[in-house]
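Structures incoming, each one as structure tokens.
Presented sequentially are two complexes of chain A, the first with chain B as partner and the second with chain C.
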Partner chain A sequence: MKSFKNNPIVKKLGFNRIILFCILLLMYGVFSILIPGFAGMARIMSIFNYVYFLGFLALGVTFVIATGGIDFSIGPVMFCCALMAGYSMNTYGAPVIVSILMSIAIGLCFGTFNGYLVAFVGVPPFIVSMATMNIAKGLGSVFTQTQSVSWPQGNDPSGKGWFRGLVKIGDIPTGLILFAVAVVILFFVMNNTKAGRYILCLGSNKEAVRLSGVNVRKWQMLAYVICGTMAGIAAIFFVSAYTTVQPGLGDTYNNEAIASCVMGGTSMAGGLASIGGTVIGVFVISLLQEGIMAMRMTKEVQMIITGLIVIVFVYADVSARRRKS
Partner chain B sequence: MGTYQISPAWMEYYLEPEPDRRAQLLARLPDTEPDDGSNSFRKRLFALRYLNGEDTQPSVDRYLWQCVNFVQIYDTSRYFKKSGRREAEQLLSGNGYLEAVRAGIDGERAVYWEIRNAAARFFKTCSGKEYRRALFGLLSPGSEDQKKQMTLEAWKMTIGLGERLGMAQTLELWTRAVMDEHRRADPMAEARMQKLLAERG
Partner chain C sequence: MGEVILQMKLIDKSFPGVHALDHVDFSLKRGEVHALMGENGAGKSTLMKVLTGIYTKDSGSIIFEGKEVEFHNTHHAQEAGIVIVHQELNMIGDLTVAQNIFIGREFKKGFMIDDRKMIEESKKLFNELHIDIDPRARMSDLTVGKQQMCEIAKAISHKAKVIIFDEPSAALTEKEIEDLFAIIRDLRKQNLGIIYISHRMDEIKVITDRVTVMRDGSYVGTLITNDCTKEDIINMMVGRVIYEEPKTHSMVPKDAPVVLKVEHLNAGKMVQDVSFELRKGEILGFSGLMGAGRTETARALFGADPKQGGSIYINGEKVTINSPEDAVRHGIGYLSEDRKRFGIVVQKTITENSTLAALENYMAGLFINKSAEKDVTVRYIRELDTKTPGPEQLVVNLSGGNQQKVVIAKWLVRNCDILIFDEPTRGIDVGAKNEIYKLMNRLASEGKSIIMISSEMTEILRMSDRIIVMCEGRKTGEIAIEEATQEAIMDKATRDIK
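Showing the complex of A and B:
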């Protein structure tokens, strides 16, 4: 095992990520054996639908966790964005492109709000994001008068359904291409830009970064802004795949996004983030959700399993850090 | 490499963590202490370390930033080895390290003690309550965990980075200064480092 770990390719790819990828393949194999027809194209497309929005949420929250913070509001913020933008389109006749931009802008506003409170006011991220979670839920409900909002279908006679091409055009999973582009951009930002470096260093040793003369507040806030914006984008992919959004929901996706990050190798203490690992984590969670659903288990069972996964990976992260140090 | 002896007055300068106080000492000491050959480097390194653009007062700390940044370069250079090496070389060049090392014993002496001063400032931040808070910043780590983490970061920014980027020779003086300061900051540092080195093979 030690020689495998010390293999240059394994070192480059990361031992944990290789194990996680093997788990992904194993899960797919097990589900394919247990559930007839699971390996079919329809099921794979369904998994991709989950990957798109969860992927954007998880990529965004990776930046926040890298600073040593947390954002528990991403799920409800995503729903709030989809509700407000969709309601504007349905009720006030806003064009689709305006609604899409509105969704991203709302996400950005939530991210800025969270980031300002954490970085400039000094409120702990845990408290801020819990409060924002309720604000997002409430705002979405108030704005839509507690009504669910449906975005246009692909074959909508008004021609408003074109945005569904974001996830699929014919049999081509365009969402996967867009997601891959986002992954490449964010991987580059995290690992090869000044912003990414400051964000990682903040999580590693905030006080030393401050004493170095870096504007820590600005960069800490940026991480939350990225996270909020990604929640706004995730909302577009969510409605492109699932059409309808209900007010007061969305918090289950927090756990799933955070679990994806942590199992992918992003440290909960900050300073260490893996965009590639997050992507594999997203696929694992999405596959699991799809598998559980295909086995006709209820949403409540899904929540229990996701909760357990979070605990297992948090424990693994804590013990791995102890071992390493 | 020499032992880099300095007078007690200059030692006071290098033990002082605050840039403003150091600026005062640097303005005074060259007039009161005999020049050991390193004074011109001390002034140049001070300017390169603390002054930003047209500033006349210290506003940044490039050596401290190097400590933090080298840990991250170690982590990210797993994927971007070339850019990691380029970035490390830029840092070393921009803060006068390469120039001082090439200049011989007088330059080495000045930069050795400058690094130790920065490393001391870095290790001091590692004992603060904000350092390495676990579980999304909710829990403070134990003192032993903090020290182990500090040793790991000392290794990453010196030996680890040198090995990963093939810069061990360039970083020789940097490594020596950081390790000397690490031993001074924590009496158990040497034992921890040896254990870490053994584990890393």
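Showing the complex of A and C:
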């Protein structure tokens, strides 16, 4: 076991991530055996649908958690983006491309707002994101007069349904390609750019980074901006897969995104983050959701399980740190 | 003075790498005020922590009221009647005075807290001590002096027999100190034993009956205050043995230009009107006792803390430094006294720490040029002789001395010309210490200018070309190395009666 852990390839990939990946495969196997008809392309496509939007949320929040912060507003922000952009399209006749850009812009605004309050004003991230969560829910409801918003179907006669090609063209899961591109970009941002370096270092010891002459506020804020923008992008993938968005919801996805991060090895204490780990975590959560639905259990069961996952993995992280120090 | 109430015999305590207390003796009588003196790191606080159960002693015995005792925590010591009044106040600002005094042992009326009784009891206590404080006042509305009085009242309310004052006057005004002394005299009359830790020579003469001096974790001797002079005490504190050869003359050429000039720097209470000059290739020592304002001066200069006034000139040009970012841009690097909190990112690699202050020089477009980064890190590992398996090692796994080298490397990678070394050898073993000294001398000879803050007299005398002494936020002296002696420095570092 020890020699396996010290193998250079294993070290590069991360022992915990390999284990998590094995868990993912094992879960798929178990579900396939327990649930008749679970194995097969249809399920996998359905899992992918969930992976896309949850993936963008989780990738974004990975940056915030890396700074030692937290963002509980991403789920509702995603819904708020989808609601406002969709409502603008349906009611005011905005072109699809404008709506898509609008969704991303709204996410960016929320992220900037959160980041400014945390980094420059000094409000604790927990409080800021709790408040923003409610603002996003409220804003989405007010803007749409508390009506659900449906984005055009793929076969919509107006031709507005083209954006669904972002997710799927025929049987080709194009969304997977876009997601993979985003993963690669964000992997490099986290590991090979100044932004990622400073975000990780300030998450570990903000004061030491500040005393090295780095403008820590700017970089801390950037993490929230990335996170908000990702929520705006996630909104597009959400409506591409599921069409209808209801106001006042979205908070369950916070926990699922955060669970994906902590499973993947991103530390809630900040300073340590793994983009690859987050991706595997997203697949685990998406598979879990699909399996639970297939077993005819409710979404609430899944909420219990994701809640427990967060606790277990945070405990594992905390106790690992304690052992080290 | 009565019989002996407390006796500590041959107390010994070691921490990894440090022999903190070397068979120390100490005895305290009823009705006496006994001063405990020594330089920073002499072991005073450690001795008191052993007494009150914060640390467990390795050997030796504590005899309290005729019986051998061993306390396991402060609570345990408190119950026996030994109470410590800390330098930093342990009060909760939003509670009232009475609530603070009885915290953890509130009077109850059924399930409810009986506030009225706590207020009455507090009043009684204050009357006994002749203190005029309203027990209903919020703690944060009181002055530091008054808060200290409350802390004392709290101590008394524990039926204390021995009270330890750990630098009680550090934050007090003249008037408050007088009030404090009145209380201490009162307590002495009531036959309590009082241990008084302070750096202020004049106070020792005024308030104490005996003085015990410690040095380097050892007991040096005990004097009767009335029979000794300030010089006697200072001589005992510094000792006559000098372990390392002091520098005999300044290494700085006579015509070396002034690289840094600080004029009338003010920042809070701890930095008051500090002015000095630093020349190219100079090691400027900052000496003084704990709380003299040296670190605060450095932090204000570096832009880490806000300042209220003062001008800074670098190479003759006036500069504005409002943040560490500004300071680093002007070529100043700061090695903090608290390496782990302010110096390094422990969970990151040597490489990531080394380039932290100069990352923009290691970029290839948007991306970090990892191979260039690695090259420079390896270069400084070799140059500073940092002991590590490689540049990818996490800093947390290095020893204190090697961590310090990583911090130094960070500023060398940034190519800073002015380096502030704040307690550069704190928590570093002797061998590594010498290496850091050699390195500092080399840097100075290469034309870097160094400000070295140190609480170790031998370090100051060995390294500095010139010495600035601070006391209570002010610069109290500037001594050329040729004229510097431990006594001369200590004289300027301790407060005199005005």
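Keep in mind that, in the parts below, the second predicted complex is superposed on the first by the 325 of 325 C-alpha atoms of A that agree within 3 Å, B and C clash if a C-alpha of one lies under 4 Å from a C-alpha of the other, contacts with A are read in each partner's own complex, and residues count from 1 in each chain.
To be clear about the criterion, contacts are C-beta pairs under 8 Å (C-beta built on N, C-alpha and C of every residue); 3 or more make two chains touch, one makes a residue touch a chain.
Source: prediction; values computed, not measured.
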Q. When the two structures are laid over each other on chain A, do chain B and chain C clash or fit?
A. clash
Q) A:272 contacts which: chain B (first), chain C (second), both, neither? A) both
Q.
Applying the document's definition of touch, where does A:200 land relative to chain B and chain C: first, second, both, or neither?
A. both
Q) Just chain B (first), just chain C (second), both, or neither: which does A:208 touch? A) both
Q: Would you mind checking which one, chain B or chain C, touches more residues on chain A?
A: B
Q. With the two structures laid over each other on chain A, which partner does A:14 touch: chain B (first), chain C (second), both, or neither?
A. first
Q: Please work out whether A:192 is in contact with chain B alone, chain C alone, both, or neither, and reply first, second, both or neither.
A: both
(Q) Contact-wise, after the overlay, does A:6 reach chain B, chain C, both or neither (first, second, both, neither)? (A) first
**Q.** First, second, both or neither for A:124, with chain B first and chain C second
**A.** first
Q. After fitting the two complexes on their shared chain A, where does chain C collide with chain B, if the options are 79-87, 223-231 or 367-375?
A. 367-375
Q) Common interface residues of chain A with chain B and chain C? A) 192, 197, 200-201, 204-205, 207-209, 211-214, 271-272, 324-325
Q: Give every residue of chain C touching chain A within the complex, in rising order.
A: 302, 304, 323-325, 327-329, 334, 336, 341-348, 352, 356-357, 359-360, 363, 366-368, 370, 396, 410, 414
Q | Touching residues (chain side chain A, partner chain C) in the complex | A | 188, 192-194, 197-198, 200-201, 204-205, 207-215, 271-272, 324-325
Q. Which part of chain B faces chain A closely enough to touch in the complex?
A. 52, 59-62, 64-65, 67-69, 71-72, 75-76, 78-80, 83, 121-122, 125-126, 128, 130-138, 141, 145, 148-149, 151-153, 201
Q: Name, in rising order, each residue of chain A that touches chain B in their complex.
A: 6, 11-12, 14, 65, 68-70, 124-126, 191-192, 197, 200-201, 204-209, 211-214, 268-272, 314, 318, 321-322, 324-325
